[in-house]
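Two complexes are shown next, each including chain A; its partner changes from chain B in the first to chain C in the second.
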Partner chain A sequence: MASGESVAARWVSRQMVLLLVVLATLPLWIESIGLYPYLGVEIAIWMIYGLGFNLLLGYSGLPSFGHGAFFGIGAYAFGLFQLRVFESLFLGIACAVTAAFVAGAIVACFLSHRRGIYFALMTIAFGQVFWFISIKWHTLTGGEDGLLNIPRPAFELGVASAGLGSNTALFYFVLVVLAVVLVALWRLVHSPFGKVLQAIRQNEVRARFVGYNVWLFKWTVFAISAAIAGLAGSLFSMAQQSAYPDVMSLHASGIIVMMTLIGGGFVSFWGPVIGVAVYFLARDVLGAVTETWLLWFGLIFVLAVLFKPEGIAGAWQQHVGSGDRRSLARRAVAGFLSAGRK
Partner chain B sequence: MALFEARGIHKRFGHQVVLERIDLGFESGQLSGIMGPNGAGKTTCFNVLTGQYKPDRGQVVLAGEDITGLAPNTIARKGIARSFQIMSLFDEYSALENLLIALPEVRERGFTMMNRLDSDSAAADRASTVLARVGLAGRERQRAGDLAYGERRALEIGVALAAEPRLLFLDEPTSGLSAKAIAGLAELVQGLKRDYSIVVIEHDMQFLFGLADTISVIHWGQVIASGAPEALRENKWVRRSMLGGKA
Partner chain C sequence: MSHVLPHLLNGLSLGLLFALIALGFMLIVGVMELINLAHGSLFALGAYFAMVIISPDLAWLGAAGEAWAVLPLPVRYGLAVFLAPVLVAIVGMGLELCMRRTYGKKAEYGLLLTFGAALVIEETIRLVWGPSEQYLQVPQAISGAFLFAGLIYSKYKLYAALFAVGAIAAVWLFLERTPYGAIIKAGAHDSEMVRALGINLTRLRLLVFGLGAGLAGFAGIVMTPIWGLRPHVGIDAVIPAFLIIVLGGVGSFWGAVIGGILVGLAVGFTGAYASELSLLSMYLLLIAVVTFRARGLLGRKSGLEA
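And now, the complex of A and B:
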C-alpha cells in the first residue's frame, strides 16, 4: 500500500515541515507584525498540549474537561523538582511527565468504563479535585500564589550545552520538543493502536466484539494524553518561571477543548495546532482592541460549532479540494456524537 | 462433544424473563440454524453466548472450556465472531479498514504504537481477500457508511469473517435484503460452510432450510424443537411459527 512512499514520508508529513519552518523563523518576523517573541513559546507549548488532548477528543471520542489538571501537575512537578531536589532540565521534565502520567493513569481507572456525558462529568470532577488541592495544599504548592522563581535549568546533552534564560533559547528548545511530539503522535495515530482508538470512537461495541479490550485502550490513551499535558505543563512552568492553580481551573481546561474544536480536531490531526495558533492570535489581536475579546471569541466558537463543526482544518480541506463539505461536516458531527454518546 | 454448548441458560431483564431455559449444542463443521418468532429471544441468546450479557443461570461452554460471563473481547479472542442484526460497522472507516481492524494479526498488535498500519501490505492483502470473499471487491476505499444497504450487510459478515473464527455467529443476515440479494447471500454462506462452523439466526425459512444441517426453534424462552430441517418441517410448532414468521 505504502510501497511508493519514502521512509522519510512515513515519519514526517509536508505539513509538519511547513509548520516547523514557519515556527523556526518566527523570532525573525514576529516583532515586525507587532507581536513579541514570548508568544511563540506559549503557542508551541499549547500546541504540544493540544496535540496530546486531541488524541483523546478527536481520535478516541473521549471528551475531557479536566485536562488542565495534568498540565498543572506537570508544571508543579517540574517546579518542585527544581526548587526542592536539584536543578536539572531533563530530570525535571521526566519527573513532570511521570507525575502527570501516574495521575492520569489513576484517574483513568475511574473513567475508562464510561464515555460521553458521564465521562465528561467525571473529568470535570477530578479536574476540580486537583485544582482544589493545588490551592489548599500550601506547603507543597504555595497555595493561590503558586510556586515562584522556578529556575530555567540549562540544556546539557553530552558536549552540547546552552542556557535557556532567554525566551528565544527557550523557544527553540520547546520547538524541538514540539517536533518530537509531532513525529511521535503522527506515527501513533497511524499505528495499530491509533487505528483501534478511532475504531473505538466509531463503534465501541463492535470494537469489543472484534476482540479489543476497550477499557485498557481508553485507560492507556488517557494516561498518554495526561503525560503529554504534563510535558507541556513542565515547559510552561519554565516559560513562566512559576506554577499556579489557574492553569488547572475549569476555565483553563475548557479553553483547550475550545481550541481543539475551532481548529477542527475531529477531522484533522492539525486541528489543535491550528486552533492554538488562532486562539493566541485572537487573544493578542482582538485583545488589543477590546477587553471582552474572550466573549467575542466564545461567540465565534459557538457559531463555528453550529455551522462549521468541521472547524478551520475542515474549511481548509474543502478549500484545497481534499475533502467535500458534506463528508467533512458529517465526520465532525459523528465526532461530536461519539463524544456525547453514552 | 459439541464444539459449543449452552446449558440451561436463563436470562431476565428486570421482571421480564426472556430466556427461560435454553439448551443448545453446535457441532464443529456444521451450520446450525436458530429460528423463532420476533421477540422470542434469539438475539438475546446470541448476546449471552458471545459475552454481551451474563446469564442469570446456566453455562456457556466452548470446546469443553467454561466461558460463561467472560467479556466479549475475551470470548472473541477464543475464536468466536459474530455479526449483528442491527448493523454495527466502523462507519467512518473504509471497507478495507473495517476488515483490517478485525484481523487477528492486527488485533495481536493492538498496542503497537510506532509502526504504521497502512504500510503493512500483508495485512492489507488479507483484508482484501476477505472483502472479495463477501463480494465487495473493488470497494476497498469506500467509506463503510457510504456503502449501499446490501453491501453493508455483506461487510457486516466480512468483519466477523476477518477474525478467522472457529465459530461464526450470524444474526439475521438476510434482514432487509431483496430476494435477489438473499439468493446471493445463500451462495456466500454455502461457500463459508466448507471452511467454518456457523450458527445462523434466521427469519427466512427457505434460506435456513436450504443451508442448515440442524435447526433449533426458540419460543417462550425455550428450545421447543430441534433436529434436521426435514424432520422439523412436520413439527406443528415450526409450522405455526413459520406462518407467523413469514408475514
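And now, the complex of A and C:
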C-alpha cells in the first residue's frame, strides 16, 4: 500500500464499507424480494467462517477438508457454556473461540510439516475424529441429536444492553462481529505476516530458505483460522439455538471449500464473501424451484472449476482486465475484487 | 486364544474388503496423482447399476426385458457383476475427459472437480432411485450362514472376501505381469520419458481412470449386501479408501493391501471389545502411523506433496 494513505484507509477499505452497508440495510428489503431475515444471519455467519477459512486456503495455499470440526467445536463449546456454566454472551463466545483455537493448535502440531495432498488427507482424518467424538460422546454432546435449547444470552456492554431474541437483533450483532473480523483479517493479510503466508503458498521451500520458520507460520495460521471458525460456530449455535454434529461432517467441510472456491478465494480477499452469498441464494432460489437444487449447484460448481477455476472474483478480474469496453462501473467492481491482492 | 480367532477372521475379511474398496482409488492416485473424491459415488453407482440389472422388472426393455426376467438369479447376478463395473468405468472415463482441463494446474482443482462430480452423482442417484434404503439381491448359494469351529459365520462375507482376494490378485497380475501394467507404472514414475517413447499417455490415463472407476463400482456391488444401499453410502467408502491409501503410502500397491487389512483388523477388534469406538480406531491408527512415518507404511516421495 502507498505510504501516503491515511491511517483510516489502511484499516478500512471502500469494499468493506459497501459490503457492510448492503448487509446493514438487508432487514429492510430482504422480505420484499421474497426471502426471510434469518437468511441474513446465516449468510453473515458463514461469511465469517469463509473469511477465516480463506486465510488458510487462499492465502496460505493449505487445503483443509476438515474445517467443519472447528466450527462445530465452537458451536458445542458455546452451547455447553450456556447450559452447564452460566448464561453469558461474551464469555460464551470467548470460550468457543478458545476451544476451537486450542483444538486447531493441537491438530496443527500434526499438520504443519505436511504439504499438499498429505495435508488435505490429514485434515480429513482429524475432521472425522472430531465429528465422530461429537456423535458418540452422548453425555457431553447429546449424540446425534446434539445440544438443544441453547439460550441466546442478552448483549450487555457497560450501560448498553439488548436482547438478541429476535433474528433482527441477532443479525445486527453478527454483523458487528463480521465487521470486526473483516477489519482484523484485512490488516492481517496486509501485514508482514500475511505476506509470508502468501510466500509459503507460492513456494514453501523458498520461503524456508529465505529464513522464515515455515512450520511456525503454518501452525499459527491454522490455529487462527480454526479460532475464527469457532467464533462463527458459536454464533451459529446462537442462531440455531442448538448445536449438532452435521456441521462437522465431511460434507459440510467440503461445502465451505466449495463456497470459498466458487467465489474466487484463490485470487481475492472477497472470494469467500461472494461465494457464501451465491451459495445461500442458490440454496433458497434454486431450492424453491426444485428439491434437487444441490444437483444443479454441483453442476454449476463443476463447470466453474472446469472453465473458471479462479471463481467469480477471478472471472470478473479477467473480464475487466482483457475487455476493451471499460466502463467506470466495471473498473470499480474489478478494483473491488482485486483489492485483496494488491 | 479361542475367543480371539473369530475376531481375527472377521477383521481379516473386513480388511480384505477395505483393500478392495481402496484398490481403484490407489490405482488412480498412484498413476495420475489425482485424489478421486468421486470414488465413493462411483462405488454407490456400481451398486445401483447392479441392482437395476439384477432386478427382473425391466419392462421398459420390452421383449428383451421379459427374456431377461426368465433367467435365473445367479445368471443375472453374474452378469451384473461384470456389466455394472463396465458401465461405471464408462462414467469414470467421461469424468476423466472433463478432468483433462485441470491437468497441469494446482492439485486442488482436480480435488474440487471430483468433489463436485461426487455431489452431482449422489444427487442424480437420489433423483433416479429415491433417497430410501434399497437392497441388492444375492443368489441363494452365497447367502445364509455356515458353522465353522462352533461359530456361525455369514456365508456372504466369506464370498465377499474371496471376491476381494480375486480382484486384488487380478489387479496385481495386471500391473506386474502385463505390458500395460509396465506402461502404467512407468507413466507414474516418469511421464515425460514414457511420452518420449511414443506411448499415448492421454489414452493411458483414460484407461486407468476407467479401470479405477470400474473397480470402485465392483467394490460397491460386493459391499452392498453387507452395508446396505443408500445414495450417500459412497461417503462410507471414500473415507476408508482415503485413510488406507495414506496409511499404506500413496502409489504403493502392497501398501494399500496392508493398509486395508490393518484398518480391517483395527475396526474388527475395537468392534468386538469397544463397539462404540470401532470407526474411531481407523482414524487413530492413521494419525499414529502418519505421525511417525510421514509417507505412510510403504510410501515413496510423490509429486502431490509439492
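Everything below uses one rule, namely that the second predicted complex is superposed on the first by the 316 of 342 C-alpha atoms of A that agree within 3 Å, B and C clash if a C-alpha of one lies under 4 Å from a C-alpha of the other, contacts with A are read in each partner's own complex, and residues count from 1 in each chain.
The definition used in the following text is that contacts are C-beta pairs under 8 Å (C-beta built on N, C-alpha and C of every residue); 3 or more make two chains touch, one makes a residue touch a chain.
Computed from a predicted structure; not experimentally measured.
Visitor: Pick one for A:Gly194: touches chain B only (first), chain C only (second), both, or neither.
Guide: First partner only, chain B.
Visitor: Using the superposition on chain A described above, determine whether A:Thr220 touches chain B (first), chain C (second), both, or neither.
Guide: A:Thr220 contacts chain B only, not chain C.
Visitor: Thinking of the overlay built on chain A, is A:Arg10 touched by chain B (first), by chain C (second), by both, or by neither?
Guide: first
Visitor: Between chain B (first) and chain C (second), which does A:Val257 come into contact with in this model arrangement: first, second, both, or neither?
Guide: A:Val257: touches chain C, not chain B.
Visitor: Does chain B (first) or chain C (second) touch A:Tyr212, or do both, or does neither?
Guide: First partner only.
Visitor: Based on the superposed arrangement, let me know which partner A:Ala120 touches: chain B (first), chain C (second), both, or neither?
Guide: second
Visitor: If we overlay the two complexes on their shared chain A, which of chain B and chain C does A:Leu306 touch? Say first, second, both or neither.
Guide: Only chain C; A:Leu306 stays clear of chain B.
Visitor: For A:Gln128, using the defined touch cut-off, is the partner it touches chain B, chain C, both, or neither? Pick first, second, both or neither.
Guide: second
Visitor: Report for A:Phe155: first if it touches chain B alone, second if chain C alone, otherwise both or neither.
Guide: The answer is neither, since A:Phe155 touches no partner chain.
Visitor: Which stretch or stretches of chain A touch chain C in the complex?
Guide: 63, 110, 113-118, 120-122, 124-126, 128-129, 132-133, 136, 250-251, 254, 257-258, 261, 292, 294-295, 297-299, 301-302, 305-307, 309
Visitor: Spell out the part of chain C that touches chain A in their complex, as residue ranges.
Guide: On the chain C side, the touching residues are 35, 98, 101-102, 105, 107-109, 111-113, 115-117, 119-120, 123-124, 126-127, 235, 239, 242-243, 245-246, 250, 276-277, 279-280, 283-284, 286-287, 290-291, 294-295, 302, 304-306.
Visitor: Which stretch or stretches of chain B touch chain A in the complex?
Guide: Residues of chain B touching chain A: 50, 52, 71-73, 76-77, 81-82, 84, 88-93, 97, 100-102, 104, 106-107, 109-121, 124, 143, 145, 159, 163.
Visitor: Okay, in this complex, where on chain A does chain B touch?
Guide: Per the stated touch rule, the residues are 1-3, 5, 10, 184, 187-188, 190-196, 198-199, 202-203, 205-214, 217, 220, 327, 330-331, 334.
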